[in-house]
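Next come two complexes built around chain A: one with chain B, the other with chain C.
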Partner chain A sequence: MSTSNDSIVERATTVPRKRIGLYAALLAMVVLYLLPLETGLFTAFKTQSAFQTTIPVLPPIGNQITADPWFQAFDRLWPALGYSVAFVVPATALSALFGSLAAYGLTITKWRGQILIMLIFVAGIFIPYQAVLVPLTRFWTSIVNIRGLLGPEGSLVALSITHIAYGIPICTLLFRGHFKGLDQSMFEAARLDGATIRTIYRRIAFPLAIPMFAVTLIYQFTNIWNDLLFALVLVRGEYEVVTMALQSFTGSMVGQYNLLMAGAFITALPTIAVYVLFGKQFAEGVSGGGA
Partner chain B sequence: MSAIDRIADRVRRYRFGRSDEESTSDARLATDGGHRTGGLDLGPEFVQALPFWLPAGLLVALFVYGAIGWNFFISLTDWSGLQASYWPLDFEMYTRFFGKVLEGGLLGGPIEYWSFRNTIVLLIVFTVLTLIVGLLLAILIDQQIRFENTFRTIYLLPMSLSFVVTAVFWQWMYNPRYGIINSALETVGLDFFAVNWIGAAQFKLLAVIIALTWQFSGYGMVVYLAGLRAIPSDQFEAARVDGAGTIKMYLRVIVPQLRAATLSAAVVLMVFALKAFDFLYVIFGSRPGPGADILSVMMYRTAFDTSQFAYGAAIATILFVLALGVIGPYLYIQYQRGDL
Partner chain C sequence: MAGLTIDNVTKIFEDDDGEIVAIDDVSIDVADEEFLVLVGPSGCGKSTLLRMIAGLETVTSGTITLGDQIINDVKPQYLDVAMVFQSYALYPHMSVRGNMSFGLEESTDLSDDEIDEQVTESAEMMEIADLLDRKPSELSGGQQQRVALGRAIVRDPEVFLMDEPLANLDAKLRAQMRTELQRLQEDLGVTTIYVTHDQTEAMTMGDRIAILDDGRLQQVGDPLTCYHQPANQFVAGFIGEPSMNFFAMDLTGDRLVGERFEYPLTDALSAAVEGRDAVTFGIRPEDISFGGSAGEHAFEMDVDVVEPKGDENIVHLRLADADDEFGAHVSEERSPDAFVATISGMESVEAGESIVATIPPTAVHLFDATTGEAIHNRSLDNVDVSPVE
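Up next is the complex of A and B:
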């Protein structure tokens, strides 16, 4: 540690050393953060006998290399990937749309009591979902018998609507933060111009919120795609979504780690792709709304 | 694009076309005018704003608050098995739960005791550990480094993965025979530490906490980085000139200013710890055993594996109350500060 009476010369020599230490620490953390992914990726390309005899961090070589685990895992998971896309896309889009409308109605318009209602919305972000699971399953069987109405596909519809409802609080909070940060004089001006609340949303708020739509859509897509709990209690058998499929895959392929790793990557691929392409938006969603 | 242009045009027209006083007095009229009845202002804008937030509000009211109330009601019944029965109503499920929690001694005791204890341990240790690692990452990133975006992207990457996926990865990491953790420990001669991480009861919870910290510290980093960037740079300079060592400077000058970031991150992490389910369920199934059972897993098992819906609902209500204990004060502080 450098002290207060460092001479200029000493400081000049300690600074580069400090920088080297800094980058070493950063790289060490990179190794720690990527290790589970790296060992997983290499293992997914190894044969059964190879991953049991080699060290997981080392890449497969020669006859250890195989792409078979990927084909087998994909064979098992692809219907579930389709079901996941089918329920995640509408749930993502609609929760973002509802969130933007609600945030607009609770932020830009002028009436009292907004904060109270906003508080009720925001508290919804922090609800442990266990607190609603039993009523939720009752709701989608006894009150709205969704599978009786729509057939077995109904459970995907129920899952989608459920995710929309529980996604609204976080989407509302994200959009509210955005709307509060905008120059309010624009809205004032439009209002003085006699524009209705609806026109102001369509012509001003919505176009200005497009960057926040990107953030919210990416954040919600990742959240909804990754969820297991709601799917477990709402979806039965034939329409299992990809997180469920991977979970039951781990149960049936005990010890076949190359298959499991390939399956995990296939399951994660859409979210990894979204993260790599839109990492900035994802980070904004994470910091704006919490996990 | 053209819409924005038109708006910008219109805004410009108003800004320069009218005097400032005129537009502000008009604005005040729009703010304070209207009919005040009780807490709600039922002016024309209230009615116009309704279609925007009410549909979303009704969904939230039904699925979040309606369901919580219904869950509480179920917890007062004795419902178990396939036929829902709503009688008699009492707090028997709660007395049963807390009775069993209190039965638990130092060794052994009913699963209720372990679940409750593990939940509290997970909540505290996971939150503290994740905050520390997150702060460390944020400080490392905040040193005007090169490739800042790349580093940040890598540290936050685990947050974009499903717990199902990370659980599969960590199962492999923790594999006692072939896993990388034990291979590494054996290579450096620490065979003693090469334990059965997710098989032995005394290490299960630690293994879960390490993996979840890995996944969530990127979140801590993002929150702290925003906090660090909000501190004026002359404060860093001043502390340096005063001769504080780097570590001392961070502890004395910078960290105290990150109180707001710490608070909001801690709330999110604690609430997450209360509802952590997916990760444990994939690794241990619905019966992690006394070593790693937590209330959220116990709730699922009680309600959906053994069909004791009333008891499961009671555990769920306890979880909800714990979460409320964390977020209630936090939201109140936010509300008072006008940060909502």
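Up next is the complex of A and C:
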């Protein structure tokens, strides 16, 4: 009896000590990871003079507080935000849709040479952006003169199509994994039920792939929204997208860090919104649990 | 409703290592409204044959005819057949109602009301009417199985194809569904082809059974014919549980001489083995009887292991005075002096006991030693197989 009592007492004292160590370590990591974010957020709410006279990690106090950088940044970014939404949303949706269709065709149906086609898709994932910059610009000027055809908006269309093409391989791979994990006899049952290949996609494969759509939508949205390289190469003139607009903050306004920080936060907001919106399905899709 | 004819059908799968013959020149006639069970060990090609009928696999050669139409190249969506899969293959995102109406929506021009009516009717028949608004994930295995059957029934097809539909159920439910399926098939009168590896299901459910091994058809016939008059050693060993006892024997004069025992031939047996010098001797476990004294067809044996099953005891025997050369254990590959017998559960024998076991000549089967073909099957003269009035 006494020994068990001793051990309980011992445990009561040693376990919390271990716990304290654990929590301290976790807290330290939280601080470490959130510090840059917190610094950025405080900086965005500081006046220019306050930024120059205070330590960046400390919050602004009294007349140091201002929301002006946010309004200024928003004013300068909002047309670019609009253009970004205009090309990112279709690019995201279509790359996911085409990816799922390609994966469906490469998984559920059987035909000769589909392994080869799949390998070509997979190879597409590994082509670095930098390798295609020159051919890409040549393509959208000499072969398909997109601005000549559609006017200046052509830039955004070219950018959108480029991102769709670049996104299809990874989306196909993700959807293929999902479709492979489904009970194949279910698709056979649907064929015997009289459904055509198209109907099976619409009524069975598509609804069952919704969690995977959440994964690809979040992944593709973030990737395409944050891309600067293709935008710099393909976009000319007035249709500056948001990453380009943000980049121009650093050049023109020397040392206006509050404006830059506010701009960065505004630029990041849509991706966060997408995460929040599809978060639940995303978790389902990643953990592999279908419907 | 229609009959189905499988005519010289062969299926060859092409592999990296060459060709694999999955189905080798199989011909079966399935009459209208018949319940045919395709049975065989796993890998024998029975599922492949079923999938060929469903149009899910191509036919390498031969023809499959449904009614009077050759359906070799008809795509599954245009075939009027319904299939029940071992995994049930329910659409997980649809309710039971959705699962059952899907086929009608895709393959007929019925109005929503008519579809609803048929779904309700079939659901009532399968006693799943109260589950219509649930999703498959909210159902037990047995309920999912009923939905899978309901989904096939509602289509009112010309043929039911069933691929081990009861394999995922527990033993008790399986026995119950076996009876229910038979009754259902009788009521609906739909031609049914049922694939199973379970010889009990084959024996109890089918009007006729077709036994496949290694892609080749071994025998087609009604269950009792296959049991009592097997076409070859494979059928004899596959149908019946526990399996028939087999012994390799040589013919010497008027006796069969095995490695461990000799069996004098009767006139009927002598006639069958004439002109041969080696045969495979077969005797079913339930035909071995205990008691009496040793004689030319009765042998002294030691009881090795007894497996009581309640209604019957399965008794593993070894010939008395056998030395331990062959190992005193009951193994998969029977040693040449080991027998399996079944006796009534009320008779008690214990391991280690010595008994006299009689092997009646009328119950003996003889098979060709090399081809396995049956050369003599048991006599049914003194067995009463007349129907009970």
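Heads up, the rule we're going with is that the second predicted complex is superposed on the first by the 255 of 291 C-alpha atoms of A that agree within 3 Å, B and C clash if a C-alpha of one lies under 4 Å from a C-alpha of the other, contacts with A are read in each partner's own complex, and residues count from 1 in each chain.
Methods note: a contact is a pair of C-beta atoms (placed from the backbone, for glycine too) under 8 Å apart; a residue touches a chain by one contact, two chains touch by 3 or more.
Owing to the predicted nature of the structure, the values given are computational and were not obtained by experimental measurement.
For chain A, the partner with contacts to more residues, out of chain B and chain C, is B.
When the two structures are aligned on the shared chain, A:Ile115 is found in touch with chain B, with no touch to chain C.
After overlaying the two complexes on the shared chain, residue contacts for A:Gly279 are found with chain B alone; chain C is out of touch.
In the superposition on chain A, no contact is made by A:Leu58 with either chain B or chain C.
Contacts of A:Thr243 after superposition: chain B is touched, whereas chain C is not reached. Applying the stated contact rule after C-alpha superposition, one finds that A:Pro207 touches each of chain B and chain C. When the shared chain is aligned, chain B and chain C each come close enough to touch A:Thr196. Legend: residue contacts after superposition of the two complexes on their common chain; A:Leu149 is shown touching neither chain B nor chain C. According to the touch criterion, the shared surface of chain A, contacted by chain B in one complex and chain C in the other, consists of residues 185-186, 188-193, 196, 203-204, 207-208, 290-291.
Touching chain A in their complex are the following residues of chain C: 54-56, 75-79, 81-83, 85-87, 89-93, 102-103, 106-108, 137, 151, 155.
Those residues of chain A that touch chain B in the complex are listed here as 1-5, 22-23, 25-26, 29-30, 32-37, 39-40, 43, 51-52, 55-57, 98-99, 101-102, 104-106, 109-113, 115-124, 126-139, 142, 162, 164-166, 168-169, 172, 185-186, 188-193, 196-198, 201, 203-204, 207-208, 222, 225-229, 232-233, 243, 246-247, 250-251, 257, 260-261, 263-265, 267-268, 271-272, 274-276, 279, 282-283, 286-287, 290-291. For chain A in complex with chain C, the residues that touch the partner chain are 183, 185-186, 188-196, 199, 203-204, 207-208, 290-291. Chain B contributes residues 3-4, 6-7, 10-11, 14-15, 23, 26-27, 30-31, 34, 36, 39-43, 45-46, 48-57, 59-68, 70-71, 74, 84, 137, 140-141, 143, 145, 149, 151-173, 175, 178-180, 183, 214, 216, 218-219, 222-223, 226, 242-243, 245-248, 264-265, 267-269, 271-272, 274-275, 277-278, 281-282, 285, 295-296, 299-300, 303-304, 309, 312-313, 315-317, 319-320, 322-323, 326-327, 331, 335, 340 to its touches with chain A in the complex.
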